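Both complexes shown next keep subunit A, but they swap its partner, so subunit B is in the first and subunit C is in the second.
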Partner chain A sequence: MHIVFFDARVWRYVISAISKVIEEGVFVIDPDEGFRFRAMDPSHVVMVDLRFPRDSFEEFDVTEKVNIGVNLEDIAKILRRARKEDKLKLGYESGKLIVAFSGRGYREFRLPSLDITAEQLPEPQLEFKASVRVMSDTYRDMIKDIELIGDVLRFKASQDEFVVQSSGELGEAEIVFTRESGSLLEVEVEGEQTASYTLEYFSDLSGAARVADAINIRFSTDMPALIEHELPQGAKFSFLIAPRVE
Partner chain B sequence: MPKRIPASLCVRCKGYKKLCGLTSCPILDRFRAQVSSVTKLGPRPLELQGSTPPSLVVGEQGYPKVPILFNVPPQVYGEDAKTYDYPLLWWAQRYSLRKIIELRSYLVSSILKFHIKDPWKLYEKELSIAAISVKPTDSEVKLQKPPIPQLSFDGILAPHGPSAPASSVRIVSNPKPPRVLEKLVWDDVKASEAVWLLYKEKVDFYTIVRAFSLGLLGVKRNRRLVPTRWAITAVDSAIAAKLLENVKSEDKVVDYIEVYNASYLGNRFTIILFPGPYRLEMVEIWHPFTVWTQNTKQPILHWVREDRPNRFTEIDGGFMAARLSVIEHLAKRRRQATVLIIREITPDYYAPVGNWHIRLTTAHALSQPILKSNDVKEVVKVLSAKIRDDRLLNTIIKTSKVFNNLYAQRKLDHYFRTG
Partner chain C sequence: MPPIVDFHLQPQLEELAKFLRQHLSVRRALLIILANCSVEYEGRSASHLGEGDRLIIIKPDGAVLVHRPWGYSPVNWQPDSKVLEVFMETKHNSEKVVVIKSVRARPREVLLIRISKAYLVAAAQGLEDSAEFVEYLDERQIRDILASHPEEIEPGLRIVRVEKPIEPGFIDLYGIDSQGNNVIIEIKRVTANVSAVKQLKEYVDAFKAKNPHTRVRGILVAPSISKEALLLLNKYGLEFKQINIEKLYRKYFSLEKRSTQKHASILDFIEKAALGSR
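And then the complex of A and B:
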């Protein structure tokens, strides 16, 4: 079996980001669903979900469902070798995961699949009272800004603006997204919603935003937040993060 | 120009980072003058004989041309010499600070100078082989001038006795290095791999350190002498890095909050393991009237954090020593934990004698928990009994990121159940 994605860099940045939070997991490749990777971090604060639907691949030659146990850091190391205009091929052959780049030449890596079983993770059923859509580069800048100040970020959404705040020993920071400035693409909120989260996870996963078009942030007061990255070809990377309640 | 050096700086520096900008630590200098050596050199003070326990230290002054201190207790031979450089025994017998200082002050350091790129020259003189021997090796030393009867102290190395430049050092009996180590000297194995192999073969920590610092490990053309202070921390972190790989690949975390405690040499360690991913935070509480806090009325706190595995807010020799014991403990149990170490330094620790006791006391503390509980209040109660100062404990709990997360950070499971 093998699958081919048109831009290896998308995988490079997303997997590299995930590897900072998750050590190991299972790549699931399904003939109908496409590619999926879900995992929860050891502290049970973050759950990541990466999906590449069947149609997002240029080639999709899968006849039966395969589970491939992987060490994310090892895969990330290989994916960091992806160059501009490289396509990514993933395959599975006699217990080995094949990661190959084709662009200028063809480079193939084979890694033994790890013996781990897919964790049964719940499909969370959460209602979000605030839903905000921002550009991915402004989202990344926001995280970099907050990193200067504190360890915790606080989301605040109201009818016409979305504010991210933090405070620390150095002082305070406030980043304001508005429709007028163009930084806020969409906002839909019931009343006003505020919630705090540990910044570290956002920092670790922010690399994935480099290859996303837009980011959807969904949350409710003192409830988990769902951060969805819209990737090329209808692929999606999202993470659900538990709040901090002081 | 006299200026006041804040104790918080001294607590971070511990006399060797030279953070105050002076060329030598005024506190240690003052201290060293007060403690004189007990060594009796006899009628011919320029010639001395005895067995090295072994005890060899690579200094860092004048890097890359560094001093090699070859330490010998005069007129002490064979197994009797071992005690003079034997942290494991000192700890096992719970030697007092006074006894350790006395032992160390009896060692005479003869100083030779070598360029760090010349480890083989030392090897040819058999000094390196003597350094990694499992039993003391007889030697004859000729000094250039009589040693000054003084001691020097340090937060990482054990104290040093009188020293003088040597005109010659001769090894006169056969050193016995461990076989694995002897083989590695001739192998092209990366130093970090070599350290791991030796650790797995249960070679004594300080023998590994001496091999590392004398340039006996690593890819042959890259070998060099490494100042012992750096080598200790390098070996601590090389072993910890390997063990941590195993710990991290385990998704299991400890089931309860566990509290551990042990004291030695006026140092009280309280270690708290929380269920969670591997993180480590250590706070040193230097109570008033310790070496670094002679003039303070309040305890001085010094925090070091490993917010992510292998990423530190600063490199601190004491932290790295305690960390190795913690990671060894977790690796043995195949569990992750988020860890807070509280190290209290009381005035009873009147002289710094190296970081060996930190490694050993924390390891000992971790052998038996004093509390296992899921109730944070109960944990705080036990801490309050150990720290004996509620205001201080409050400050620690407020500043600690580990505690902070524990109180504020929710887990996703919470929402799956109700959602």
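And then the complex of A and C:
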């Protein structure tokens, strides 16, 4: 079996980001569903979900479902070798995962599949009372701003604005997004919602936003937040993070 | 099946005697009596307790406890009863009392409880309690603490997976050390014995078989290890790391620490949401 994605850099940034939070897991490639990777970090604070639907691939030659156990850091190291205009080919042959770049020349890597059983993770059915949509670079700037001050970020959403706050020993930071300023693409909130999350996970995973078009931030007061990255070709990377309980 | 509970408020003495006999004949009942009574004891020692309001508990295994309305310890007790009898007795002043007689076989000890007035009697059949009483932490809790604080095992160790499935079972913790070696960790909350060493060896062997070109270390984590186990461990080239469970508890798990925990598990929220939508 093999699948080909038009831009290896998308995978490079997303997998590299995930590898900072999760060490290993199972790539599931399904003839109908496409590619999917779901995993939870060891402390159970974050659950990541990466999906590339069947149609997002230029070539999709999969006849039966395959589970490939991988060490994400190993894959990320290889994917960091992706250059502009490289296509990514993923394959699976006699217990080995094939990662190949085709652009200027063809470079292929083979890694043994790890003996990992896919974790049976529940499909989250959470409802979110606040839904905010921002451009991915606005989102990345927001994380970088907060990193200067504290290690906790606090989301606050109301009818017409989305505020991210942090306070630490160094001081306080407040970033305000409004529709008028153009920083906020969409906002839909029931009343006012506020919740706090550990910044570290956002920082670790922020690399994925480099290849995302827009980011959807969904949360409710003192409930988990779902951060959805819209990737090219209808692919999606999201993570669900537990709130901080003070 | 839920327990069956039966009770009488302010029972007449005849009713009380009948109720007690009925439930004692089944034997498995737990009985609670609030009554005015006097108690006599004779065995290794002897005592007499005059009349007063007491709480009497008779447990399904024959243990009998008589509590005064204050204090945590019983004033009279019988660790077990060979014979438990209930009968009516008429005192000198022709006043009637219900007598509960518990006889312990060895050492021979007799407890006589004379009830002159009962306020409440209750019986519960089929109470279930199979939980283990755990001092400080159980194995799963130790595992979770070490997963989030691998530095307690050794500096530079990163935990990759908790409960990693491998052919003969599950590896408690699987990680990578500072040198890049794979580390397989087996945790015991009591003194590690030979079978714990063999179990760890099995996991290490299974892992090596699956990943032939990797370097693998096996670490047995426990409060102590038996001599035989240590010999075998050395022979297999495995390692032992001593942990102090009380210290781990006080450092990471005591009630105060738990109340200031920073995160709930994301799974808790997902489970709650799934329950709510059902």
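Going forward, the second predicted complex is superposed on the first by the 246 of 246 C-alpha atoms of A that agree within 3 Å, B and C clash if a C-alpha of one lies under 4 Å from a C-alpha of the other, contacts with A are read in each partner's own complex, and residues count from 1 in each chain.
Just so it is clear, a contact is a pair of C-beta atoms (placed from the backbone, for glycine too) under 8 Å apart; a residue touches a chain by one contact, two chains touch by 3 or more.
In this text the structure is predicted, and so the values were computed from the model without any measurement.
Subunit B and subunit C, once both complexes are superposed via subunit A, clash.
By the touch criterion stated above, A:E200 is placed in contact with subunit B alone, subunit C being left untouched. Of the two partner chains, subunit B and subunit C are each touched by A:V245.
In the superposition on chain A, A:A157 makes contact with neither subunit B nor subunit C. Residue contacts after overlaying the shared chain place A:D115 against subunit C, while subunit B stays out of touching range.
The superposed model built on chain A shows that, among 225-233, 333-341 or 351-359, the segment of subunit B colliding with subunit C is 333-341.
Note: residues 23-24, 40, 42-47, 122, 124-126, 198, 223-224, 240-245 of subunit A belong to the subunit B contact set and to the subunit C contact set alike, using the contact criterion stated above. The part of subunit B that touches subunit A in the complex is made up of residues 248-249, 251, 253, 276-277, 307-308, 336, 338, 401, 405, 407-416, 419.
Those residues of subunit A that touch subunit C in the shared complex are 23-24, 40, 42-47, 112, 114-117, 122, 124-127, 198, 223-224, 240-245. Interface residues of subunit C facing subunit A in the complex, by the touch rule stated above, are 147-148, 158-162, 164-166, 176, 210-211, 261-271, 273-274, 277. Interface residues of subunit A, counted against subunit B in their complex, comprise 20, 23-24, 40-47, 71, 122, 124-126, 151-152, 196, 198, 200, 223-224, 240-246.
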